[in-house]
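Could you have a look at this structure, given as structure tokens, before my questions?
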Amino acid sequence: MSTEPVPAGTVLAGGAPAGAGPALLNLNNVEVIYDDVILVLRGLSLQVPEGKIVALLGSNGAGKSTTLKAVSGLLPSEHGEVTDGTIIFAGEDITKVDAADRVTRGMSLCMEGRHVFEHLTISENLVAGAYTQKNVGADLDEVYSFFPKLGDMRNRIAGYLSGGEQQMLAIGRALMARPKLLMLDEPSLGLAPLLVQEIFGYIKRLNEERGLTVLVIEQNARRALEVADHGYIMEQGRIVLEGPAAELRENPDVKEFYLGLGEEGGRKSYRDVKHYKRRKRWL
Amino acid sequence: MLTRAYQHSLNGSSRPQGLPLLEVDDISLRFGGVRALTSVSFTVTQGHVHAIIGPNGAGKSSLLNCISGIYHPQEGQIRLHTGGGTDIEGREVAERSHLLTQLPSFKVARLGVARSFQNIELFSHLSVLENLMLGRHIHMKHSVLASMLWFGPARKQEIEHRHLVEEVIDLLQLQSFRHKPVGSLAYGIQKRVELGRALCIQPALLLLDEPMAGMNAEEKEDMARYILDVHELAGVSVVLIEHDMNVVMDISDRVSVLDFGRLIADGTPDEVKADPAVIEAYLGSDSDNPADAAAVREAVEHLTEEGTDA
Amino acid sequence: GSDGGSGSGDGDGEPIKIGIIADLTGATGDVGTPYNKGMLAYIDHINAEGGIEGHPIEANSNDYAYEVPQAEDLYRQYVNDGVVAIQGWGTGDTEALHKRVASDELPFMSGSFAESLTDPNEAPFNFVVAPTYSDQMRVALNWINEDSGGDAEVAVFHHDSPFGQAPVADGQAWVEEKGYDLGYKAYAMPGGQQNYVGLLNQAQSQGAKYIVIQNVASPAALVAKDIKDQGLDMKIVCLNWCANELFITTAGADAAEGHMLVQPFAPLNVGKPGHDVINDYIEEKGINAAEVGTSWVQGWYVMHVMAEGMRQAIADGAEELDGPAIREALETMGGIDTGGVVGDGVVEFSADSHRGSTGTGIYTAQGGEMVEVEAGATP
Amino acid sequence: MAQTATGIHHRSYSSELRLRATRAEYLRLGLMLVLLIVVPFVLDNYWMSIANTILIAVIGAVGLNILVGYTGQISLGQGGFLAVGAYSSVILSDRIGLPTPLAIAFAVVLTAVVGTFFGLPGLRLKGLYLAIATLASQQIIEFLIRRDYGGFLTGGLGYINVDRFSFLGFEIGGRAVFERQWYVILAVLAVLAVMAARNLFRTGLGRSFMAVRDQDIAAEAIGVNLTRAKLTAFAVSSGFVGLAGALTAHYSEVVSWEKFTLEVSILYLAMIIVGGLGSIAGAVYGAIFMTLLPVVIRNLANALDSVMPFLGSQLPAVQNAVFGLVIILFLIIEPRGLNRLWERVKEYFRFWPFRY
Amino acid sequence: MSTLVAVLAYGLADGAILALAALGFVLIYKATAVINFAQGEFLLVGAYMFYTAFVVMGLPLAVAVVVGVVVATIIGILVERLILRPMVGESPISIIMVTIGLSSLLRALVQMFYGTSPKPMPKLLPTGSVNLLGATVPINRLLVILVAAVVLTAFTVFFRRSKHGIAMRAVADDQQAAMTMGISVRRIFAMAWALAGVSALIAGVLLADISAVDQNLAAFGLLVFPVVILGGLDSVPGTIVGGVIIGLLKQATGTYFDPGLATVIPYVVLVLILLVKPYGLFGETRIERV
């Protein structure tokens, strides 16, 4: 694995990262442009090995969400398009496939900012999530057992839930599609510490029990790197650093910029921060 | 320090440090059957950073919405005290207290209560500059004819207020986005713009709903720095909702904890941190210190087991 | 737009330009189209005869789909093209334009027979060829008075617009002036209805035996249908725009049977002397007489009146044939013969009245035909 | 203000606050003025009349865009408000006998008031519900003026004759000069209207309208009084529309209800949407485009009459078809309207030869 | 009394047809959040399609109905595919405008192909009339009520029971999120428009049968707005209530007061109702939270 900056646009060494199974998801040199002018992904490549948890880190505006939108085919609805590169899922090139079909092929995305169906009740939201499935009942109960809170409020209108409640619902809904690959865009966004623990514990568990493959975007790098097997760090639409989670956790840059640790390892108080960080030291 | 250079104070309060600024007095809020808040009371002191924490759905945002007049609690009062000191221009201001619970939110804003929202609520089609200028709305005169005429008062006013706005832009390092439509900016930047819009009001009280959600450690440090600058240098009082305990513990002077709409604790960060009820309801086996990252794995294992036999 | 036989025939003189504002596809397209056909046919006919004193008529005819703004736009275009007279159509456009017409000094005829247009002070360049709606109403009332033996309730169903309201007040006045013992009540007919049962119910509670309709054919036909459906004993008296074959065909022969039609322009099947020229023409052109309805005839003869005016103006030796000259001629030339087709046969204008005629025919629907009951009835 | 390779650098806020910064923009402004001035010298009466219609439409469209494009309150009541402006102005000038310009001014105010009144539902209604409510106000106003109870408007005549526009002895002349003289009046007013609107949205008031459009709760939370903002928007917008209505009346010299139907409301909506919502320039482009469209089609049809007589005989249908088609195609190609299209062209050339 | 019966019969008949027309409108709105100003034209086109099949081609009634339904479906799908799909994600008002353009286009096309004069079509429903409580009521009105009732219940049940109902609302709420659920936004849209086409066809044919096959059919469509707003833009049962209210209201005003007034009374009522209930009688309250 490389702690050195990776030259822009170069494909990372060979297919899947070391020690991983065959890549379930494989992005090669993906380039994304919004509104025909705004270049956001500049030849991004990453692999998500079957049965592993991969974390994608990066500062605001790096293009993380865009990456997931590209994978799940949501770009067209935002005047964005994949102008170069390929997206391979389960061995098939899905770069041109319609968003809905991608779900039936077994991926499901839990979007940044929840996007619950505001006018539907919690249970209706979950049913909608299972649109591609046959027997909904069982899955429903399962989700409720994982998120008891949802069970208690199953007939509440989703639009009136609190931020966190909506986040749980969004994740539950994504699971209703019984995906092979679950993509989570900042799942811990706005969640209380306790819940963050739960959710990551839950992700881990899905991964271990069902062998669910997970690609997760996180700002809470610490948590992410704890549960993840492999990590990617992106800046300005490129992968600038990647490697096994354990190693990334030890990487000094990561320590400083993502784990918010001083060189000496201990966490420094926010009060001690006296200067604004200069950005993008990898470029 | 940057902000010393600024000529406009961002603090719109004329209240001497240490006096009570905001009194939340036994308020209850219901939505049909849902009890979002149940007899909550606490006091925000002038010059404090007052954090509100609690599990999801505890009623934190609702509380903020009550203070800023977006929701109106069925019971209880919220009082904002102004005056008793000198205002920005150094004039003596008589002491007054206002019943926020009876005001529409635009009137609350005119008392200098500024806020940011949990899910960013910017004017997405407008540029960063326009969004910030809108922060000046309550300080500007709006006559239809003068506006249509442009030359004369309208133009003069625009330029006048532009000065303060530019200072905010400078403080928050938004220079490069000045003329960008906020809709297309990345999440983190939008959060900053929203803070800026609130600052342009020259707030007497600043309400921030999860200003650091969705930021990485580094960006949090910046945001924390901005908030501290505003607080320390301008002396603006801040009420802050935040889930990252490190931030809360580091920058707040006082913490109130909500759970299921009730106030379960209220005190200094350390008191609260130690409070078993809080740990039970909210923090859990907090482990944001990687030293005991093991704790998480435990938590994970723990969950795993109960899950498997569930 | 379609040009009425410009250049055709051997009229070698410099052509006379006129503009036609027609409704072919609008709200009144059903009667507007044949009216327009009639006009163009007449122009074709007159040009074939060598035009007017050697001047062929060059008519620019455009459809305005009963949209006033469209009409205004067309009008401006015609003025710009230097026409000497305008043939309009509906109430809306006639009203919207009469001021402009006056200031541009262009004689203007149309299918709108509102009383106000007959007053040269009010509308100096508008000419109303047929008896006004008010006169038709008076005739209708006279007839009802006789038919009922001088004692009946009359309900007036009128289009919900100025066009509809035009004769209402005058009718009321007429009843009083004549001291008729007729109950008289007016009801507005909204457009786009699926039935007029509500209206009929009101008429019924008024005790009306006669229903005068001032509207176009299709709604009138709907009323006839509803009367039949409801098995009511009421007699419809249609004025002008619903007094035609269209009313009969749309309502269906049996639903229309026995209702009365006040129509100033004699339909072809009545066979007035003035119809011969039309019959010759359609025979020569191979047009099926069945297609030539009342409105067609109307168009033909309105155009005829205007043409006669032009002929006279030229005869009067106007150095150049322009609006004022034509107006002058129309006001001074005396009666224009229509071979008994229009009203009592002659159309005559004067400097202080542009009311071309007061006489109108009365017909009844019989076996799906218009059968003449009385010719040239005047108030 | 200096122009360098890296872009425009303003040295003072006032210079940045100018509407036009670059030489190119001044050039464009100049060209437009020249165009406005030469028009009456090159066009014949017919096309002058079209130009005049366009100028009136511009005023109306700008007004509507203030409400719909900038404040986000969809309105289908345009026709009704035009009518209010037209009737009131005429009644004031010809019946009450006020000098026409004064009458027009009062008509503007009156329409603003009426507009505000019909804006009241806007305080409770959102988006499409409001749109339909304005549709209702259109229908109701239209009904009232058409039914004209007791002839309170037209004295039972159904229409009102309007005297030639005259002011302080000056009177609009006959056929020869009529259009040109009107052109001067209308052009001046249109330019003023456009400027006024442009200015409005450089100031706090205008911004508060846009804030209401984008996020009303947040707007209120920064101190914008929603009620006032919305009603002001309705008033200002209706004011412009009233002016357009009054001018229509005095220009066409006859007022009758047929000129203010729902079709008119829709036509105006089409103008601002095809032109570009929330952009003054867009409203102008839209007004020009939508007014010219049917005229151009008819002239085309007449020209092609010999080749395909079908066009001529089916003209209104063809016009409607094209009207519909153009709207559809436009919005599919560029949903943000002509204005955006124009901007994209400019962008393209700014970045040319690079793609981004 | 007899008057009242007549009012009921005629009013309900009109109301039933209105409800049918409104149904299509609501389906489209529910699924695609599109306000379809072309609904009236859908009635128009539907009626003319049927007329073509039944009269022009002279097909037997049953076949003609089938043909009509098929064509209506196809038209619905085409409209969605060609005109609305490219607009996905655009501002609601631009989309409104597109449908306005569509309405103008459809009307024009019908006009070009069929002209403006009414088309003679043999009556489908028996024309005679029966005597109800002293009032003569034409049978066809009663049958119209019956047919409409059947169709409406069918639709209502379909959306209560099937998961498509939920999917539709999901799509209307948040298209992106719906896509991530594997809900094919396109398919849902197509479905909504197709169904709207069909219900409009039925309404159009019924309407044509009791009045005439002419352009007025489209004008009738405008009344859909009071209906849906009254019932609530997104409520299927709402359309029925709204339709019946408006239908009766018009007939009653026309019978007891002034038929002219009857044309605006729906709008007056509409405004009044909205002032009390801003989302109509059964409409979903739009959620606004911060």
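For clarity, chains are labelled A, B, C, D and E in written order, and residue numbers in each chain start from 1.
One rule holds for everything that comes next: contacts are C-beta pairs under 8 Å (C-beta built on N, C-alpha and C of every residue); 3 or more make two chains touch, one makes a residue touch a chain.
Quantities reported herein were computed from a predicted structural model and do not represent experimental measurements.
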For subunit A and subunit C, what is the smallest step count along a path of chains that touch one another? 2
Of C-E and A-B, whichever chain pair has more C-beta contact pairs: A-B
How many angstrom between the C-alpha centroids of subunit C and subunit B? 76
Which integer distance in Å separates the CA centroid of subunit B from that of subunit E? 49
Can you give the whole-Å distance between the Cα centres of subunit D and subunit E? 32
What whole-number Å value describes the gap between the mean CA coordinates of subunit B and subunit D? 42
Would you please write down the residue numbers of subunit A that are in contact with two or more other chains? 38, 160
Which residue numbers or ranges of subunit B touch two or more of the other chains? 61, 70, 117-119, 121
Using the touch rule from the top of the page, what residues of subunit C touch 2 or more other chains? 24-26, 160, 188
Under the touch definition given earlier, write down the residues of subunit E that touch subunit C in their complex. 3, 6-7, 10, 13-14, 111, 115-118, 127, 129, 136, 138, 207, 210-212, 214, 216, 219-220, 251-256, 258-260, 262-263
Taking the touch rule as given, give the residues of subunit D at its contact with subunit B in the complex, in rising order. 13-14, 17, 195-197, 199-200, 202-208, 210-211, 213-215, 217-226, 232, 235-236, 278
Which bits of subunit D are touching subunit E when the two form their complex? 68, 74, 121, 124-129, 131-133, 135-137, 139-140, 143, 147, 217-218, 221, 262, 266, 269-270, 273-274, 277, 314, 316-321, 323-328, 331-332, 335-336
Mind listing the subunit A positions that touch subunit B in their complex? 34, 38, 57-61, 112-113, 145-146, 149, 156, 160-165, 167-168, 186, 189-198, 200-202, 204-205, 208-209, 219, 221-223, 226-227, 249, 256-261, 267, 269-271, 273-277
Going by the contact rule at the top, pick out the subunit E residues touching subunit A in the complex. 88-89, 163, 166-167, 169-170, 172-187, 284, 287, 289
